[in-house]
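A, B and C are the chain letters, set down in written order, and residue numbers restart from 1 in every chain.
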Amino acid sequence: MLMQSSVIFSSKPAWVKAVHRTSSTDSNSMAATVPAPKWAQKTVTLPPLRRGCHLVTSQILKEIRPDLSEFKCGLAHLFLQHTSASLTINENYDSDVRDDTETFLNKIVPEGRSAPWKHTLEGPDDMPAHIKSSMFGCALTIPITDGRLNMGTWQGIWLCEHRDAPTARRVVVTLNGI
Amino acid sequence: MLMQSSVIFSSKPAWVKAVHRTSSTDSNSMAATVPAPKWAQKTVTLPPLRRGCHLVTSQILKEIRPDLSEFKCGLAHLFLQHTSASLTINENYDSDVRDDTETFLNKIVPEGRSAPWKHTLEGPDDMPAHIKSSMFGCALTIPITDGRLNMGTWQGIWLCEHRDAPTARRVVVTLNGI
Amino acid sequence: MLMQSSVIFSSKPAWVKAVHRTSSTDSNSMAATVPAPKWAQKTVTLPPLRRGCHLVTSQILKEIRPDLSEFKCGLAHLFLQHTSASLTINENYDSDVRDDTETFLNKIVPEGRSAPWKHTLEGPDDMPAHIKSSMFGCALTIPITDGRLNMGTWQGIWLCEHRDAPTARRVVVTLNGI
């Protein structure tokens, strides 16, 4: 007798469902083909990038693709362990979009003598960097479908570096699914 | 012998805990009543909406409620597959709150001749739409408790459409829990 | 015969992987040492805090640490059930960073006579509070590694209270992992 996971395709074809459950039938082959709940976690280090918004989808995928491909359905969680950079999902084609987003961030969060910040010990770019980090956030959760990140055609993963001095950035990647 | 999931109610009543584990007792009835880990994933298409913030809780629930009701405890993840719209959680009652939020977004992200954007090929509303999308984000994770989204009394799911030309928007919904 | 979870350490040491699966070997000891998929959910109430940004990492941990410590690998999800406050991750050391962030929010979202809001029935601070809530968001997902929140050295959990009148705030905490 073996425990089995069963993939249930509902009458509404849009849903893909899976229930991890027991079975009273003894079937090694089915247990082998039906995915079981999995967790995988890894810290990816992205090399230093200049201040601005950067498309890092391929760098992230290079680190996680073999493991990602083992998940039929699930969620990928990316967590940046820093407070002066951010992760966001946005346009993956025209680098002008990334430049314009950096222009916006610099316009909306003042820096230098005109800025009202008390926290200035770590340089004029530090306090603005903290604010930008909370505006865009430091984490992403992306659906996994059939072994790949199920993003839209024009979506990509951006690392936004808000400090002047480039620093390597750590991203904890957690994969969970079946 | 059957594998079983056990729901453990701790001495601190605020916690509801479940461990999916083996048991050496043969009890079909228990295996039938205790929930097993489940995954469900579906792409929901929201019809075109005019530029602005829209309450879409009931539209989303209409698509997922039967499946949601099967989860005692878990997480619902909503992922918008677009870079010129956003998903956020905010007030679910007064439509003025949604109008005022749209007013804010238009005030903070300049559009037209005064705007400094390089990316203008797709129209004057496109680059502002990308920025607004990263400000509010394209994904939500909401706790599931006893078969429903465990939001606060005044919380609702908003789709914010940042483009002038209404477009159908796809949301990948992933449910995970027991 | 017992169902077992197996922790697989890959050849790339950075990954920690676990597959919850069946085994044909009868080994009680292994079943006892290898973690099984777990869910835990609890509503934590944070006491009223004055308007501004507050570091609440230790308050949250006090409520969840014993349960968190049972997870080797997973995700912690925090969901604020309110639309006039927010949760964000930012610097955990200098309180000036929190004060400056509050200064920024008040600068960017106008309040009082100069503000263009239609929604004013609940006071001049209410509509700005809703906007700030969507800017920073009401939810966080944080990786769990070896029984603790795997944040960076300088990261902490902030509750940002955007209303003038302090109110107790509820956070639904969901832990999921192995």
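Remarks
What we mean here is this: a residue touches a chain if its C-beta (ideal position, glycine included) is under 8 Å from a C-beta of that chain, and two chains touch if they have at least 3 such contacts.
The structure displayed is predicted, hence computed values, not measured ones.
Chain-to-chain contact here is organised exhaustively, every possible pair of chains being in touch.
The pairing of chain A with chain C is characterised as different-residue: of all residue numbers used at this interface, under half are used by both copies.
Here the spacing of chain A and chain C, counted between their Cα centres, is 16 Å. In chain C, 1, 3, 20, 37, 108, 135, 137, 141, 176 are the positions where the chain touches two or more neighbouring chains simultaneously.
By the touch rule above, chain B contacts chain C in their complex via residues 1, 3, 12, 14-22, 24, 37, 73-75, 88-91, 94, 96-97, 99-101, 103-104, 107-108, 135-137, 140-143, 145, 150-155, 158, 176-178.
Of all residues in chain A, only 1-4, 20, 31, 36-44, 67, 77, 79-83, 108-109, 116-119, 121, 127, 130-131, 133-135, 137-139, 141, 170, 172, 174, 176 touch chain C in the complex they form.
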